[in-house]
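Starting off with a structure, shown below.
Chain naming follows the written order as A, B, C, D, E and F, and within any one chain the residues start at number 1.
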């Protein structure tokens, strides 16, 4: 099993979700995060004082998948999330030693 | 060392925390996430327009543990989080190469 | 590649960011989390009823780095985040199998 | 133009009066101010619940507002202010049904203000009283059941009680028993509004039972800025409530405004002092709660106290209510937002305290025990307060029980845990994230799904 | 003091009047109440957009307030209430330019209130009407362009329409054609405010085009507590708007306040009933929307209905508008916050409905079809409503088009996706996190960067 | 009924007056409006701090409200409006102590309104002034110390200054030196309220020192919708503040309302214009700030300007204050929410600007330099403004210093970093998460823990 983690632009979430659905992914965990990178933040002004906001809003998606499906899943994310402009985000893959479905106690491939 | 990550129902957090405490876990990191899976979201209605909210609120718990304690910790989470209804969540385990306690610089087993 | 994850005190974020910048890190993903550990939360009082808030606000930073840079990055985080008081946080390192830059499809070292 | 009418009913033996523009101006404003108390209360209560129930909390106030206004127009005003049909218990329900009778006649020659304005002013008192009740049943009441309860309660509880307390006999008009026979002094509704709402709230809390997790799970206020804003709007509106009850723009109204301001201030200080000494911290929720406690206690007594008396009354209420809100944990009833602890207890403090602190130098001209008036007025206050308490508790309990049997008053436990806003109103209050909206699919206008609610 | 003036213009043939303190007190308050509708509207609208556009939404109201007040003072009031320069279409724009003329003369001997107060009261009507329009162009309008639009629109659309509808001839003063020649009854602005804003909004929505993602992406309200608060403030302020239009503190004002209260209540119930039956849930946004719908429909008719008529009018408006807001998805125009569905449609319901439901027992003394008045008044209402609708739609469209050509009315698509608050105002509304502020570097006061806006 | 009294003090030589219902109605409302400015200010300020300090910010206003009302009743009103005890510096502190004297006498035969109402109206001016001061010491003041400061400051700073500025001699009553001997014109408190609060704020900011991280860490407003709402409520309330100061419902009040409306509008536009040109963006915080700046400057001058003058005054204040708020970064004092930049500077603009722009056609009947009045009035304004500035700064500084020595005015640095709401009030303002409450254990009513505060 692997854990695929993707950090994407918020307004691409719906596209990524659909691409993943097409790739057979039925479950995932999503969170709101902030990104720091080439894509710069913005400046806000309050009573003439300027504030540099260096972080930009992103969405992180985590998906536990069978080893066999990793390539397809990463591919789906790339397709869904790409705009070609700076800040499209990253996908990374980490090894998973085990996965459990809490409701049933099912393990690993049965658990996702 | 391993990293145990659990995605659970928000109102089971207190039960999980107690089960973990009973299992000797003294530290963890918690975040608010959204889940997508078999448990369906809900529909909201605004001026007659319906919106499908596909994500449901979840809590993610991350715990760095000694290899020896993994089974017990996963077990405690399962016990605390299980309601037997769809959406109880997942637990997954990833390998950790090292852990550092920032305050002291302690490493690995000493750090958690 | 490795994934370095740091959980730090919120008001040390700016120091950590600068230390990381000095260490050559140009990208990272940041999120708001809550910590549970030796550092205790606080008590809130509403109409005489006391509530124990066991969680304390933390910031989590995730950085994908080349294997060679791991030590330096962990070091930078320790330097930036340390106050010497309880609750300074943890840093942990997990193996990464691959990293992709969504915009270009670049992989691994080229992707961060 | 100096005031030409006696409080609070038209003086039938007075010479025929023309409408006075100053008095009318003040009553127009006072009526608007009492209306504003409704959103004020909605915010005050809404901020105090968890974020998953704030909309339902606000809807109970807005819903009560809509229902009461209609029912009051159709029949409530007649029951409260129509000619008594016997024993001072009830006005003639048909006399002003629909209020069409008040459309053309500005004044009956006995009031310096338009009577239809008086009807609206009084109707909004009923609105506020009903809305107050909802605080006891946060997070768990079916909205439809609440709306039905409010309609029945307006007719069976509030309107009769208002007749007892507020309908003064004059000329050929015979009014209610507490005002005219007992001699209860209740300037702006310590019994009819505060005790009545508190007793009704207690009854409903018992009918519905405690929230899932009551006393075990934390249920702390989700947004204290709303609570503070709501408290501010309430204080502002309360000037209309109390000083508007003078039914004239005169010295008496000015005195009432003064006592209302002072008691709110010392109510705040009283509650904060208890907190500081008992818990170690003075909280903002405490400030808002103390403020409201002081205002509750001054409501019946605002026309009967000197400035010093008002300061004392507010402080007393702030201190007593700060302790009273803890009762529910001891006794185990889930009066979620402390309608009992603040409105019932505060209403009793004000109604009975008037029997002690009243001075005849104040507009109502009554002396309490401490001002040499003996126990006479205190006795009247005890009768009035007690009668309203018992009546409101019993009848509200019965209505609540019947509604529960007929249609079910409470939502499912599952739904309660998920959050009442989502389940009953298909809404969530906030979506503040940077990624707002990114997480759902778009609007769809088609076949509706009918779920619970 | 009973009312001495006829609504709504000074009665030239009346004896010379002194200023009446009661009437003046009420008009001072009514003017303040109408001002409060501006922040009320800003919250009502602001809560309904996504969190990335709430500040812009509020700024469009505050900006309109500032611009209109200035333009109205300089020339708007003169165009609206100056002596007619021909055909009842326009007042003399120079007559009261700058309002200096009203500084010294309290009353012209024909009004019981200071004329400068009347000028401010009416000016704030223009503010509210302008601000209403902004609801149609949420999230996508350049702020500078909006400010220019509002200035031109005040002069070219609102002021003439106000002249037509609100400027009654009296003595030597000749007023507008709808009020005096056609005999339109519009007590507080069903045509001049509601239909005018709705038609202008539709025109602007068409000029700017739909938001990115309209009808596909979800754009749900980000903060419904703000919406409810805004609705509450609007209702409160509306008492000043409608009952202040009586221009006296008298029985007529009291009747108007009554109908305003009742129609708001049944508007709420009407909309909620539709939701409950159609969608299965009664929502808080529905309650707020129904309330406003009822108030919109009662605005023209508040002086012409019995209490029963007001209940019916509100309910009708609530039901009709609950359906009307769905139109935009069918027809494809992005009237973002339903100015058309609520204000145009509600305004038509009230303006035309008056032709059916008016009773001569009410202050305006007109009978509608159902009260034996035949089709006469209905015809006048159709002419008035239709004329204002067409004029406002066409001229607003032209102004919008010209502004777009001259300076560009719409922000870039990229900026719209990022969020208009950030790009146009360099601000974000909320920073509520425990780690607030931890994520940006500190204040810097130096060389400004000029971006888009 | 036309106004029968001269502003602002009772005219002793006038015939014995009865209370006028219209005037009383207006003063009742005006008093309520000034009360509403307190929650308005609490929101305005509360929205501007970081989320970890919003409750403390609001509590400083609510706390000031409670304390001032009590102290004002006990002694403050007497010091301000009692018979002068010498040199026009101080009223007799015992004359009206407790206000019991005003309970029975409606009018002294010299006022058309109840005197007790005047006492409350003026007391709320003191409340607002005190609350304004708190903006300078956001996030770092011990609550108990603040409450003590406010009590002392009411007696030692505000009440004497109010005597100087607002207490007009009449009949046998001798008032303060600035009003009667110098001839300062300050209609509604440019000196007593604005300059006084600004100077006191500067003193306190210096006594407490800057926040941890001032000028380095970002401390941006956490909720701009609260700021906008607060600004809206302030404008609404300011009508009562300024036009209520006419102490009559007459033409003069109408003129004052007009100038107040106009200056708020151009204040907004002035500040936005500076931002647009200097920073490239017109912000919502700028709109709110400009609005308040305009209102501050019109406060002293609202009775002295023509409409055109009011437009100019507002614009001037908006522009000047937009620049003035940057000063603190240059000079290094942490006037957290710009009480100096907005209230002190804006107050000076209005007080001195009156010497230039006043026209005798306006109610106060004074001509400024530009209207042919020469330097005479400007000189008086300089004396009045300067005297209040120096006195308030020095005495507030001394009180602050003493409080600091006696009990410590500032919280620990650690606590400041954690957040003052948590540490001092044991509360956090918001818990908006879907998982609200899931993260803490339940209520517990037992042994209190006493921490800092």
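Here is the rule we use: a contact is a pair of C-beta atoms (placed from the backbone, for glycine too) under 8 Å apart; a residue touches a chain by one contact, two chains touch by 3 or more.
It should be emphasised that the depicted structure is a prediction, and the values quoted were computed from it without experimental measurement.
For A-E, the equivalent interface among the listed pairs B-E, B-D or C-D is B-D, as over half of the contact pairs agree by residue number.
By number of C-beta pairs in contact, B-D leads over the other of C-D and B-D.
Each chain gets a centre from the mean of its Cα atoms; for subunit A and subunit B, those two points are 18 Å apart.
The mean-CA centres of subunit C and subunit F are about 46 angstrom from one another, to the nearest whole unit.
Centre-to-centre spacing of subunit A and subunit F amounts to 51 Å, using the average Cα coordinate of each chain. Subunit D and subunit E have Cα centroids lying 32 Å from one another. Taken residue by residue, subunit B touches two or more other chains at 11, 14, 30-32, 34, 44-46, 48-51, 54-55, 94-95, whereas all remaining positions touch fewer. The set of subunit D residues that touch two or more partner chains comprises 1, 20-23, 25-26, 29, 217-218, 220-221, 223, 229, 249, 278-279, 281, 283, 285, 326, 329, 426-428, 430, 432-434, 439-443, 445, 448-449. Interface residues of subunit C facing subunit B in the complex, by the touch rule stated above, are 2, 6-8, 31-38, 54-55, 58, 60, 74, 77-78, 81-95.
Partner subunit D is touched in their complex by these residues of subunit E: 1-3, 20-23, 25-26, 29, 33, 50-52, 213, 215-225, 228-229, 231-233, 235-236, 239-240, 243, 248-251, 253-255, 257-258, 261-262, 264-266, 268-269, 272, 276, 278-285, 287-288, 291, 306-308, 311, 326, 329, 359, 361-362, 430, 432. Chain contact summary for the complex, subunit D toward subunit E: residues 1, 18-29, 31-32, 35-36, 38-40, 42-43, 46, 54-55, 58-59, 62-63, 65-67, 69-70, 73, 98-100, 102-104, 106-107, 113-114, 116-117, 119-120, 123-124, 143-144, 223, 226, 229, 249, 424-427, 429-434, 436-437, 440-443, 445, 448-451, 453.
By the touch rule above, subunit C contacts subunit D in their complex via residues 44-51. Within the complex formed with subunit D, the residues of subunit B that make contact are 11, 14, 34, 41-46, 48-55.
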